[in-house]
Structures are given as C-alpha cells and as structure tokens.
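Next, two complexes with chain A in common: one pairs it with chain B, the other with chain C.
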Partner chain A sequence: MGVLPSPLAGSLLVAAAWLVVAVAGLIPAGNAAFARRFAFPLGAAAGVALAALGLQAVWLPAQTLTLPLGLPDLPFHVRMDPLAGFFLMLLGSVSAGISVYAAGYFREEPSGRLTLISMQYHVFLASMAFVLLADDAYLFMVAWETMALSSYFLVITDHQRPAIRSAGFLYLLIAHLGAIAILLCFGVLHGGRGDYTFDALRAAQLQPAWASVAFLLAFFGFGAKAGMIPLHAWLPEAHPAAPSPVSALMSGIMIKTAIYGMVRVTFDLIGGTSGNIRWEWGMAVLVVGAGTTLFGVLYALVQHDLKRLLAYHSVENIGIILLGLGMAMVFIGFGHPAAGALGLIAALYHTLNHAVFKGLLFLGAGSILHSTGMRNLNDMGGLIRGMPKTAFYFLIGALAISALPPLNGFVSEWLTFQAALQATVLQHGVVRSLLPLFAATLALAGALTAMCFVKVYGIAFLGRAREPAHRSPLPHAGDAGPMERYGMAWLAAGCFVLGLFPTSFLLMLNRVGVSLTGHGLSEDALLGSGWLWLVPTAMGQASYSPVIFFVVIVAVTLLAFLLVRRFYHGRLRFSDPWDCGYPEQTSRMQDTADAFGQPIRHVFGPIYRTDRRLPGPEDTEPRYSLKVEDRHWYWLYLPVARAAEIVSSKIALLQQGRISIYLLYSFITLIALLVFVR
Partner chain B sequence: MAIPLLAQLVNVLAAFLLLIAFAMLSQRRVLTLIKLLAWQGAALATSTAIVAWSTGQTHLYYSALITVLLKVILIPWVLHRLIDRLFVRWDIETLINIPTTMLIGIGLVIFAFALATPISQMATTLTRSTLGIALASVLLSFLMMIVRQKAVPQVIGFLAMENGLFFAATSATYGMPLVVELGVALDVLVGTFIFGIFFFHIRERFDSLDIRHMEKLKED
Partner chain C sequence: MSSAPGIAFQILQSVFVVLAAPLLVGWVNQCRAWLQNRSAPSILLPYYTLAKLFNKDAVFAHDASPIFRWTPYILFGCMWLAAGIVPVLATGLPFAPAADIIALVGVFALARMFSALAAMDIGTSFGGLGARREMLIGFLAEPAMLMTLFTAAFMSGSTQLTTIVDTLAHREFALYPSLAFAAVAFLMVLLAENARIPIDNPTTHLELTMVHEALILEYSARHLALIEWAVAIKLFAYMTIGIALFAPWGIADAGDWSALPYAFAALAGKLALAGAGLALIETLLAKLRLFLAPEFLSTAFLLAVLGMLTHFLVKG
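Right after this comes the complex of A and B.
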C-alpha cells in the first residue's frame, strides 16, 4: 500500500476524523461560524475519502483488525470486505453531498443549537461507519445503538414542539424493538459458545429451525430500522420532524444500514457459502417487500406534506430492495446461484440508487422549506420562477425515483425485473408462477411513483402561486444558496453517473456477491457487459445501453427544438384558453395535491382511512377538509398501545406508595422462598 | 464438661436475643428501642466471644470487638443524637395493634424453627441449635419494619435484622470471613449515617418523620 493507508485503516481514520470534528465543533462554544465553515465541509471531505477507500476495498480481499478498545477481554473487531466497502462507499459519497448542503442549510440556525447539531451529526456519521466496519456482535450493537441515539437527538432538534417530541419517541421505541430482535438474533446465532465475533457466528452449525428463528429475528429487527410494513410508522413521523439534511441522511443512508445488516446476517453469517439459505425465507421477504412497496407508494400518493410523502416513498423503495433480496434468497434456496446473484445485485444497486436520489429529493424539499417555510403541497405553486436551480435538481431526483431511463432508478428496477424473469429456471411450480406477480407489483408501484412525482413537481414547481403575493411567501421565495446547490449538484451528478455507467457498478456488485455467496453472474453476462451495454444474464436475453438511450433522447429533443425554431411561423398569439364557462379564473382554481391524488384514493379506497368533511349547500363560509390516516395505526399500533396500558395499569396497583406495603412484598417473597425453595 | 456449659451459655444468649426482638416489637418508645438495640448488640458480642473462646477461632474475637464498638456504642450514640436533634422521642403508633403483632411474631418463630430444624441437623457446629432463633429474630425484625409508621423505628428494625443475620452466620458456620464481616460492619455504619441524613431531608420536606407522608410521592 505504501504511503496510502489500507482501506480498513483509512476508514477507521475517517470515522475517527468524524468523531474529532464532532468534538472539535463544541470547543469554540457558541461559535456557529466554525461549524458552518469548517465542521461540515471537513465532514464532507472525510466522506469523499471514505467513498474512495470503500471503492478500493471492494476489489481487495477482506482485512481484519482487532482494536485496543472496548472492555477488557472483549476488544472490538473490525473487518473490511467487499460488502462493507460497498456500503462505506455509499455512506461516504452520499453523506459528502449532504454535509456540503448542511453547511449552507444551517446558516440561520442559532449558534448554540448549531454546534449541538454538528456534534450529533458527525457522531451519527461515525457510528454508521462503525456499524459497517464491525466484525463482532458487541461493536455492532454499540455502534447500532449510538446510531439510533444520535439520530434520535437529531430528530428532536425542535424539541420545544410536542409533536416533534412524540415523533422522536415513536422512532426511538421502534428502533429499540428492532435492536432487541437483533440482539436476540446474535444470541441465537452464537449458540452459547461465548464468542461473539462474526467469524465464530459464521462457523456456527445451526439446526434448520434455529437458523429460521435467527433469520426471522434479523428480518424483524433490521426491518424495523429499514421501515418495512408494519413497522414503518416512524418514518412518516420522524422524517418531517427532523431538519432536512438529517432527513436526507436518515432516509438516504441510515435505513440502508438496516439493509446492510439484513444482507450481512442472512447471506454472510447464516448463509455463507454453505447454502443454508432457504427459499421459504425468500418468499416471506418477497411477500413483505411487495406489501411494503405497494403500501408505501399508495400512501405517498395521498400525502400533501412534502416530507411525509418522501418518507412514504422511502418505505416503498425499501420494499423494492426487499423484493430484490427476496428473489436472491429464493433462487439461492433452490440452487440457482447465478440468478440469485442477480437479485442480490439488483437489491444492492437499488440501495445505492435510492440513497442518492432520495437524499437529493429531501435536500430539495429542505430548500423549499427553507426559503418558503412551507411543507404543505396544497399551498405551493409556481416555485420554479423563484427557485429555478432547486427546481432543476429536484426534477432530476424526481425523474430518477420515477425510474425513467437514462437515470439511475431505472437501472436497478430493470435489474430487479430481470431477476424476476429468471423464474423459469425454478422447478417449484407455485413459486415459479408467483415471482412474476411480485414483478407486476413492482411495475404498478413504479407507475404510481411516476404519477406521484408528476403531482409533486406539477403542483409545487409549475403553475402559479395559489395566493396573491401579499398573502403568500411563494412569489418572494429565493433560490437555494450556493452551498446547498453544490450539495444537490453532487447527488444529481450521482444520479447520472449511476444511470449512465451501470456496468462498472454491476461488476463491482458482482464482486460483492461473489465474496458473500461464492457465486456471481453467469459468464455470458460478464463477457457481454461493456461500458456501453449492460447485460445481466446473456446478450441474447436482455441488454440495455443507457448511453445510447441518453444520446437519442438528447438528439431527439434538440432536433425537435431546432425544427420548431426553423419551421414555426413565429407569431405569438395570446388568448384565453377555454375557461369552462367560468367568467373569471384565479390561481386558486388550480389542481391541488389532494385533488391529484383523488382518483387513487377512490380506486384503492379500502386501503385508506379517510375522514372527509364537505361543506353543506347553505354554508356561508365553505370549508373542505380531508384527512387520510394510516390504517396500521388502528390495526396494530393502537391495540398494542391499549393492551400495554391495561396491563401496566394492573401492574401499577402494586405501587401503593407505602413503605410498609413494599416491605411486606419482600417479606412475603422471603417467606415464600423459604417455604418452597429450601 | 466445659463445652456443654458453653453451649448452654450460647443458648441462653440466643434466647435473650429472641426476647429482645419481641421486646422491640412491643415497645412504643423510641428511646427504649435504642436501648434494646444496644442490649441486643451486647448479647451478640458476648455470644460471639464465647464461640470464639470455645472453638479457638481468633478472628471471631475481632468481630466481637467490632460488634461492641459499632453496635453497642457508636450506632446507639448516633441514634440518640439523631432523635435529640429531631425531637422524635414520642410514642409511636403502629400499623397493626401490638397484641396482634405479637401473635404474628409467635407464628413466625414457629415457622423459623420448623425451617431451621433440618438445616441444624446437618450442621456440626457447637451452636447449631441456635440457627432457628437467629432466623426468628431476622423475621421478627423484618415484621417490625413493616408495622412501624415512623422512619427511625424502621431503621432500628433494619439494624436489628442485621444483628439476627450476624448471629445466624456465627451459629451456622462460626462466622463469615473477617473481610466480609468488616465490609458488612462498614455498610451498616454508612447506612446509618445515610439514613440520618435522609431523616433530616424528609423532615424538612414534610415537617414530620411519618412515612405516610411519602405516599404522596406515588405516581397516579
């Protein structure tokens, strides 16, 4: 390696640098300029370095190291392998853009709060790096909980507002439920041998039943963090509550660490190269993934709070990633590792893509919130005039999430479809016929996502402001500052790079898959894939060239533009459009976000819990209100909460407040123990 | 012939201990309670010294000495000062009336003996027959903590319980290792001081040492 540190040592250095930045930001107490000018840019530079190291590590053999930290006799183990390298690259590159953005976004933050935010923010980044580097259950859980706590404090930045405190509590609660399940999973995997290093967990020979228990615990625990249904409830609450760069970080990166954990436990610790993965697990993941996908997008469509909407899209995209993972497990379980590798690659690719475009979209939402103070789409309109640059970046993010070629969202969803189309190799008839159904769910979700972003973009950026200038901040809204724009431009460039040059990422992910399962894509695929063509299986079956696609799109657009310029008669004619018989039209008559989602709300009516108030015919001040709620609250969360309340009120009877009674409890216990346990 | 005599002496002291435990249970005045505690400590120290002499366990001499210093002199003195400063010499009302308490106490003694008989048959020590008494005085002190309403008698109950425990240790196994005994003695001393500090705080807060006031602290 020479002068350059090895990827593992380098990554540890970066994580340490984040911690140093976190602490250093506190020292010039109350000095906001330091956090803004140095802490966040330094954090971003560290992120870029981490991305480079991770990229390098994917191509190197695994490295391990024992740190002289932790408890006596229980040191921390760290390991860098291709999977960790890939996720570190994701963490570094996406967080770099978000950190740059944060340096601009927090410019009006009071200085005392900003230093705290900067501290928690960098601790959060460092803890995610340690989650990815951990090579024993102990360091993993320590880092995992640090991650949960630091992000909790970031979510409740505005803790003066009760709604934000309760959102934070919900997040913390579900995070802890998940953490308990993960801890139990490690307990099952380790089987009482007293060694919690991942090497020991890998070597464990589990009974099939216990392996299934471990898998289900990991699926539940990591699923709670990732936001799969029905554990997604914290996402739409916590993401709007947090400051926008934090939402971007949580939605873009943090929920991906849960995917990392799922892949690490399922494919590495349980599965490994020995093929312990069962296809039934894959079917469970597919069913939950399909439900999550469909449910997330349907709820996103009826939201009018921009950040809630994006949060539901995160739920949807986690579902898409789960679909890829589930297919990988089904194929590997049936003994088709090449098709399984494709599913895994599709899932990991979508993980990276979603981090990039969802980060970008949250940053765009943050810029809107920053300059207008608005999150409600129903009040927005015409933002493209005041914020043309933000509008441009947001458009790229919207196109990417809608899976339109040649941007990145398309590539990974296409790969997921290709994985589903491999179903013909399966012998099991039922599974073979079910896989295309999951692909159909994905297709439906993709179309609905596109519709949802037509709604977001059309309502927020196009059209006109709904209120006259003196009543609304919209017409005066300024564009995002330069730092914010650099951050968004970095992620937008990521959307293009990931979309236009998928083959290099495919090969990289293939290496990750080989390191985990021992198998990669078929020879045909590797031979056929060049810089121009992406071939997931064989050239004869399917291929895609984003570059050609892009060139054609640009050429056609330019041609159309030139032709219109050349041949159009050039006379402009201003006239009123057909005005539906109304004598007067105002900008308040534009379509609203709720109105745009109305058809979906009708078609999928039973899914929603709708509370709609229509004004009566004689109302002098007509008011229309619409509230769409998540049914999971009523199906799952509230019954559980009520049961907990009843049980705890019964238990609370024990608390009499009298010392005599308490002493009597221990006295009776003592007597009972003496009688029965002598 | 000497050993049975010593054993009888220990038995007498054990009976004395039990008697004091009952006396404490029936006693209403705080000042007398403290005196009884000191007497109990003295009985304990004497019996420990006798066991030490008869068995030749030198470390028991030290623990007898510690008992005298701590439980006969220091702690009663501290408690005296405490009630002087706090003006809590008055009679104490109990949760259950005293005759009923005594009846429950007799039941506990029978229970303790029933429990201790099989254990003391296994033991080979000189003092094995006193195990039941030791257990009984632990339980009686516990009962006293339950039925008293004021904080100072509860602390006295706690200290008496520790005495009973100590006696059980001496009678069953010729005492705990000296290090453990020293540790326990220190704990009791520190505990007494902490209780003392708490009393002042409780009184400052509620203008009384009646623990019924603390029921307000319960969360509804």
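Right after this comes the complex of A and C.
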C-alpha cells in the first residue's frame, strides 16, 4: 500500500471521515460554531481528497476488498474501478464546493438545527460514497436506502410547514417505488443461484427475456431517482423544500448516483463485454430521454419559483444524459462499440458538467434567497447592483447550462450531437433516420434552455426591482458572504476547466468506457492532435478547440474595444431610460417571469394546465396571477392515488376487529398452505 | 495545419468580411428602394451612418450594468469570430477546425443571449418585450439551422464547415432533394435570424411589433454603431454560409493566391444576386403576426428534418 493509501482504501477512509464528522458534530451539543468552522470545511477537505483518489483510480485496474462488516456470512464487498472512480471524483469535487458554501450559508441557523443538519449532511455524503463503492447488492441497497433517508430528513428541515412535509413524503414514496424496482432487478439478475456479489451477478447467464426484464426494472428504479418523466414529480417539490446547499447536493450529485446505477447495471452487470445489450433498450431510453428533455425544459420555462425552475432543468438534463446513454445502447446493440463509446462518454461528461453547473446555480439561488428571502422571480429585479459577485457566478452557470461555447455544457452537448451524427454506420434504416431526430430534440431543448436562462437572469439580476423600495427588500440586499463566494467560485472555475480542457477528461472517460464495454475511442485521435484539440473520431470529421475559440473571442472583443477607445472619444452621459419616449414608465411595467413565459404557454398550450387570473378594468393596483400545473398529476398521480385508496378501503374490509374472524383467517391460510405447498 | 499563407488568408478574409458587410446592407437597401419605386439612397449609406454614430456622444441609463456596457463589444466579437469560421473566400482556413458548425450555431446563440440580456438590463417595458420575442424566434430558428447544417454534415461525413464545402463544391452538379429542402429551410432561418420580413421589419422603429429594434432601443452612439455593424456582419455571414452550402462553386483553397481574384468575383456576383433576392422577398411579402412566427419557423424546422430524412431515404 505504500505511504499513500490505495484509492480504494483512501475512499473508504474519506467515507469514514464523513461519518466521523457527522457524529462528532453532535458531541459539543449546542455549539453551532463547531459545525460551521470545522464540520463543513473538514467535509470539503475530505471531498477534495476523494476527488483526487477517484481521479487516480480511473487509471488503475479494479481493486476489491471485503469489509468485516455486515451480517454474518454476508459481508460487505467494495470495489474501485474506473466507473466508480469517475463518479467518486464527481462526488468529491462538487461536494467540496457545496460544503464550503454550506459553511457560510448556515451561519444564521440556530445551533440545535445546525448540528442536526450537519449530521444528516455528512451521512448523506458518506452514503453516496458507499453507493458508488458497493460491490454487492446488499451493501448497495443499504447505502441506497441510507442515502434516501438522510436526504429525506434534509428535505424536511423546515418540517413545521405542511407543504414541506408533503413534499418530503412524495420524495420518500417515489424513492421507495424505485428502490423496490432496483431490489427486484437484483433478484432477476441473481436468478436464484450463487450470492449477491456483483461478480456473481455479472457471471449469471441470463435468458434474453430475463435480461430485458432486469433492464426495465433497473431503468424504472434508477429513473425514479434520477427524475425521468413521468417519475419526476418529486424533484420540483423536494428541491425547493430543502435548504439550498442540500438542493445543490441532491440535484448535482444524488440524481447522478442513479445514472451511475443505470450505467453499472446496464453496461456492466447485464451487458459487460459479452454484448447482451439490445438496441431496443436503447430506443426505449432514447424515447423516454427525449420526452424528459422536452417536458423538463418546457415546464421550467413557465415556472416563477427559482428553485422549482432549476429542479425542472435537472429533469431536462437527466433527459440529455439519457439521450447519450440511449445512443450508446443502440450503437452497442447493433455492434458498433466505438460509436457506442462516444455516446457513453457524452452521457458521462454531461453528468459531470451538469453536476458542476447545476450545483453552482442552486448555490446562486441560495444566495439570493439568503439575502432577500425570495424565491419568486416575479418579485425580483436588479439584483446585479446589490450582489454583483453572485451575479457574476450565476451568469457563468447560466451560460454553461445554456450550452454556449466555450463553457462546459456546450462540450457535452457537442459530443452528444457527434454521437447522433455517427448514425450513418447503422444498417437498420428506421433507427438510422430516427437518431438524428433525437439530435433535433436536443437542439430544441438547448435553445429553449437559453431562453429560460435569459428569463431567469434578466428578471432576477437585471432590470429594476419590480416593487417600490419601501415594499421590497431588494434594494438592501447584500452580496453573498466570503465562504458562499468561495464555494461558488470553485464550481464556476469547474465550468471553465471542463469547458476549456475537455480532452484530458475525455481520455479519462475513455478509460471508463473501455473498462465497461471493452471498446473506446481511438486514443491516437484524442492524443495525436494535442491537448488544444477535441477530436473524438478523426480530425477531418469533427474537431473543436475550446481554448483557441475562447482566446479568439476574447481577443476580437478586446480588439474591438481598444479600437473604439483609440479612435473615438469616450464621452458618455447618463440619463433616464428612453423607452421610446414613453413618459410614465414605472418599474412594474417590466416583464415578469410569467410574462416572459407567455409565448411558450401560447405555443405549447396543450401540455400545460393553467389557471390564470387577470385583473379587472377597475383595479387600481392590478395584479396578475398565474398557476401552471404539471399535467402528470392529473393523468397519472391522482388516478393512481385514488386507485390505491379504493384498493386499501376494500382490503380494510378484512379488518373486523373480532378475534374469532382473525382466527378464521389463520385457519384458512393454514389449510391453503397445506393443500398447495406441502 | 497552419501555414503562413493560410494565416494570411484567414486574416484577410476576416478583415474583408468586417469591412464589406455594411456594403451588402447598403446594396439590399438600394435594391429594395428600386423595387418599391423609391429613389435609392447611396450604397455607402451604412458607412456614413456608422461614422455618424461613432462621433456622437453616448448616453446610458442611470442603472445600466456592466452587461449593458459590454454587450456591443461581445456582439461584435461574436460576429467577427463567425466571419472567421465561415469559408467566404477560401476553404481550409487555419482557424476553421477550431469551431465546427455546431460551434458556429453556438456563437450565434451566445450573441443572441447577450443581446437579450442587455435589452432586459435597463428595465424598460420594451426591452423585456424584445428579449422575449427574440428568444422565441431563436429557440425555433436555432434547431432548424442545426438540422440544415446536419443534412450537409451527413452528406459529407463531417461537421467541419470547410470539409463540407470542399465535398459539396467538388460534386457534380445535380439537384439533391435533401439539399433542396435544406435550402428552403435555411432561407427561412436566414430571414428570421436577421430580423427580416416576414418575421421582423428592419426598417421599423417605434412600433409595437418590432423585435430586433426593441432589443437595441436603449443604445446610442458608438455602442449602437457596433451593434449595427455586428448585425451587418451577421447578415453577411448568413448569406455566405448559404452560398457555401448551396452554391459553393468558385471558392478558392487557402494559400492559392491565383484563385483569389476569381473567388472574389464569384462571391461578389453571388452576394449581389442574393442581396437582390432578399430585397425582392422583402418587397413581395408582408410581415407576419408575431404568433405566426412560430408556425413559420416550425415549418422551417420540419423542412430541415425532412431534408435530413430524405438524405437517408434516397442517399442524395
């Protein structure tokens, strides 16, 4: 093991350290300063260490270890391979930024609550690390459930409010529906033989039909956690309910563990190098992914609660990741592993990118909430003046999520497009012409995202406060504190690094792809053209150089600036806005978030369920109210809830309250068992 | 991949586009005036306007933020960059591999995002309205543009504009159905993205239906000049993309100085025709109601997708 711990042992140490921090925070009871000054910064340091270990593990062969924990005869197995290493790096690096931010964010929290939050927060982090390290179904499920429970308690931090309790319940319910499906999936993979280590599951030779059943169960189960349509309903409820750093953790990292699970089960346990993956699965994933992408962004566009809006964008981005994964499955299913590797790499890269920029955006939303107490965009405006630094970081996040070059969101969407453009290698005519349609979906979603973030940024940070100064806290809003800013700066730097130097990350992801499917992109193409160039296949086919792009765009912008400065006078006057000379303008005449979404509601009317209240002609203080609801509630969730109620009321008939009847039930059961089982 | 003549060509082309772009706008305006039986302004009028604007005193609203201040330069920079990517005079330029068609669409999206943000910065009612409409048009035009470019990418097996143009320029002349669909879609996108009739009216001002003008309402003097210039470069870039995709004959190879005069002449001829055509379209059509714009653009999107499917069906 040498002086430095091996990545596996080191990661276990980090996870243990998180657990120690969680428990240690409880001991000096009532001492909030400990949680703020030590617990969160220590958690962040552990995160950085984990990121380094994960990065190292990608380049090493897989390691396994059996822990002397668990039930007798059923010990915990852990394993570190490139896939786990990549996700641990994601977990460590993103959580480091969020933990630093949390140290500043919770500064006004009462001490009793803060110690509890710190405990749940670090247990949550440790459980995610164990999910990624688990090498048997038993430890995986234990960690998975710990993750669900600890995050549930974090979501209901403000449990005094009924709305938050019901959001928490919805989250718990869907998480458990998913967990049941995952459990069943492991059961199917196991097939009644051997034990539940992942090695045994990998070795099991499944019938194609059973493999499909296992895949569908995993897709459903992990999809519920990831937030794919129509199982997404908990995201827009739970993310706004949780404190902002927790929202950032859940949206940035936790839903990515579901992507990890999907990749692990599909590409490793079922698929492996044996080629069990069927292209039909890929088409199913693509269809669901396309639906998720479009629904997510269209619903995001009509939200006015900032955190709900961001939650719907998480739904959208999960859809984009699913598009990449689906393409990978289609290509692998048809026997084109190299093209498949491109899809897989695009999906994993988007997973990392989304974790970074969505974490950043949720932290920015948290800072706004912190300094103004507001989540409703309709009340905001002009925040860039009070909080310029937060505005700067938020702008980076907004440009990154809108997939604009040269930031990171663009790179992964670029790769997904490139994967779709590989469709020409396919022989199957229908599939070959369908793949570009999914690329079209992605293009549409990307442009809609840009629209949505113009709305968010323009309404929250630009313009003027929409309410008069005596009624609005906005003019007094201060900027985020230093710790909050360091956290955001860390993630904003991540947006740049991932956007400007994609080739080094691609090499890493290529290792992950090779370790899973046995095939990857050609390293010659990746390496041969140098670190400046991103060349997934061949130079003549597709290339992109973010650094050159960035340098040129900065250079020409500066050149334009300097030329104008050099040759023209710099005379500048300040006056009132012109606005076509309209004399009686007030700040309430600006667009609100609902107004900005109006064209979208007009164009895509049928998919929304809207309830709109217009002011009457005599109103002296006209107010406009709009409620847009998710149609899924009405065609899926409420009918299911009603059916469950009816079924349970029928079952309740069994409950008579008389002991003789219950004895009769036991008697009948006994007879039935004797007859049928023997 | 980069050589001294290549770099010389690259710089020459970028400067040429920036300088020639207002001329194209002047030509379109002149043609439109002739078609509408008006006496035409000088073809150099856009230059005079730019010179006038550069010499005026700039006015900012009191609460303008740095975004408002920097957007004109960013817009100009984005369009200048786009002018460097598009093979206007020659293919195989050294900068071309750094940004392919997806990145090109990304540059236009970046410019659009900043112009919409700047419009919302002052907090006026027209600014927000313009930003909202601009993004409405953009979210439909951008995917249609990508699909058009993908059709060409599928035909040439590459997303690099320079390779695409090389492939398309050296095929024998024939009518490819997929390219025909793509060309119609591209024309529709060009009209929408450059704020032309029937989506927007470039001559309108102070009208409730305006889109592009509402975005830049608060700008004046040198900032307005930069934006107007950027808009001219954008029109030029879009037209040359169209020429490069659908009529690439006559384009030179980078470093081949002898082919340059011919490439110049071919480009000038094609641009003159395209400009006159644009003026004709603007004279013949009327502006659409704003809520017909999504229909117009979704038609473009569907045509582009259809073109792509046609390519897979008939391989051509």
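Throughout what follows, the second predicted complex is superposed on the first by the 622 of 678 C-alpha atoms of A that agree within 3 Å, B and C clash if a C-alpha of one lies under 4 Å from a C-alpha of the other, contacts with A are read in each partner's own complex, and residues count from 1 in each chain.
We adopt the following convention: a contact is a pair of C-beta atoms (placed from the backbone, for glycine too) under 8 Å apart; a residue touches a chain by one contact, two chains touch by 3 or more.
These numbers were taken from a predicted model, which means no experiment stands behind them.
S.K.: For chain A, which side has the bigger count of touched residues, chain B or chain C?
M.R.: Counting residues of chain A touched by each partner, the higher count goes to C.
S.K.: Have a look at where A:S545 lands relative to chain B and chain C in the superposition and call it first, second, both or neither.
M.R.: In the superposition, A:S545 contacts chain C only.
S.K.: Between chain B and chain C, whom does A:G335 touch in the aligned arrangement: first, second, both, or neither?
M.R.: A:G335: touches no partner chain.
S.K.: Considering only touches as defined above, state whether A:V603 meets chain B (first), chain C (second), both or neither.
M.R.: In the superposition, A:V603 touches chain C alone.
S.K.: Could you say whether A:G478 touches chain B, chain C, both of them, or neither, answering first, second, both or neither?
M.R.: Neither partner.
S.K.: For A:G373, select first, second, both or neither according to whether it touches chain B, chain C, the two together, or no partner.
M.R.: neither
S.K.: In the superposed arrangement, which partner chain does A:L674 touch: chain B (first), chain C (second), both, or neither?
M.R.: After superposing on A, A:L674 lies in contact with chain B but is clear of chain C.
S.K.: Return first, second, both or neither, reflecting whether A:F574 touches chain B, chain C, both chains, or no partner chain.
M.R.: The second partner, chain C, only.
S.K.: Please name which positions on chain B make contact with chain A in the complex.
M.R.: 95, 111, 115, 118, 139, 142-143, 145-149, 154, 211-212, 214-219
S.K.: Which part of chain A faces chain B closely enough to touch in the complex?
M.R.: 655-660, 663-664, 667, 670-671, 674-675, 678
S.K.: Given the complex with chain C, which residues does chain A contribute to the contact?
M.R.: Per the stated touch rule, the residues are 381-382, 384-385, 395, 399, 402-405, 410, 413-414, 417-418, 421, 424, 429, 432-433, 436-437, 439-440, 443-444, 446-448, 450-451, 453-455, 457-459, 462-464, 533, 539-545, 548-549, 552-554, 556-561, 564, 567-569, 571-580, 582, 585, 587, 589-591, 595-596, 598-600, 602-603.
S.K.: So in the complex, which bits of chain C are touching chain A?
M.R.: It is residues 54-55, 57-65, 67, 73-74, 76-78, 80-81, 84, 95, 97-100, 102-103, 106-107, 109-110, 112-113, 116-117, 119-129, 131-133, 135-136, 138-140, 142-143, 146-147, 150, 153-154, 157-160, 163, 206, 217-218, 222, 226, 291, 294, 301, 305, 308-309, 312-313 of chain C that touch chain A.
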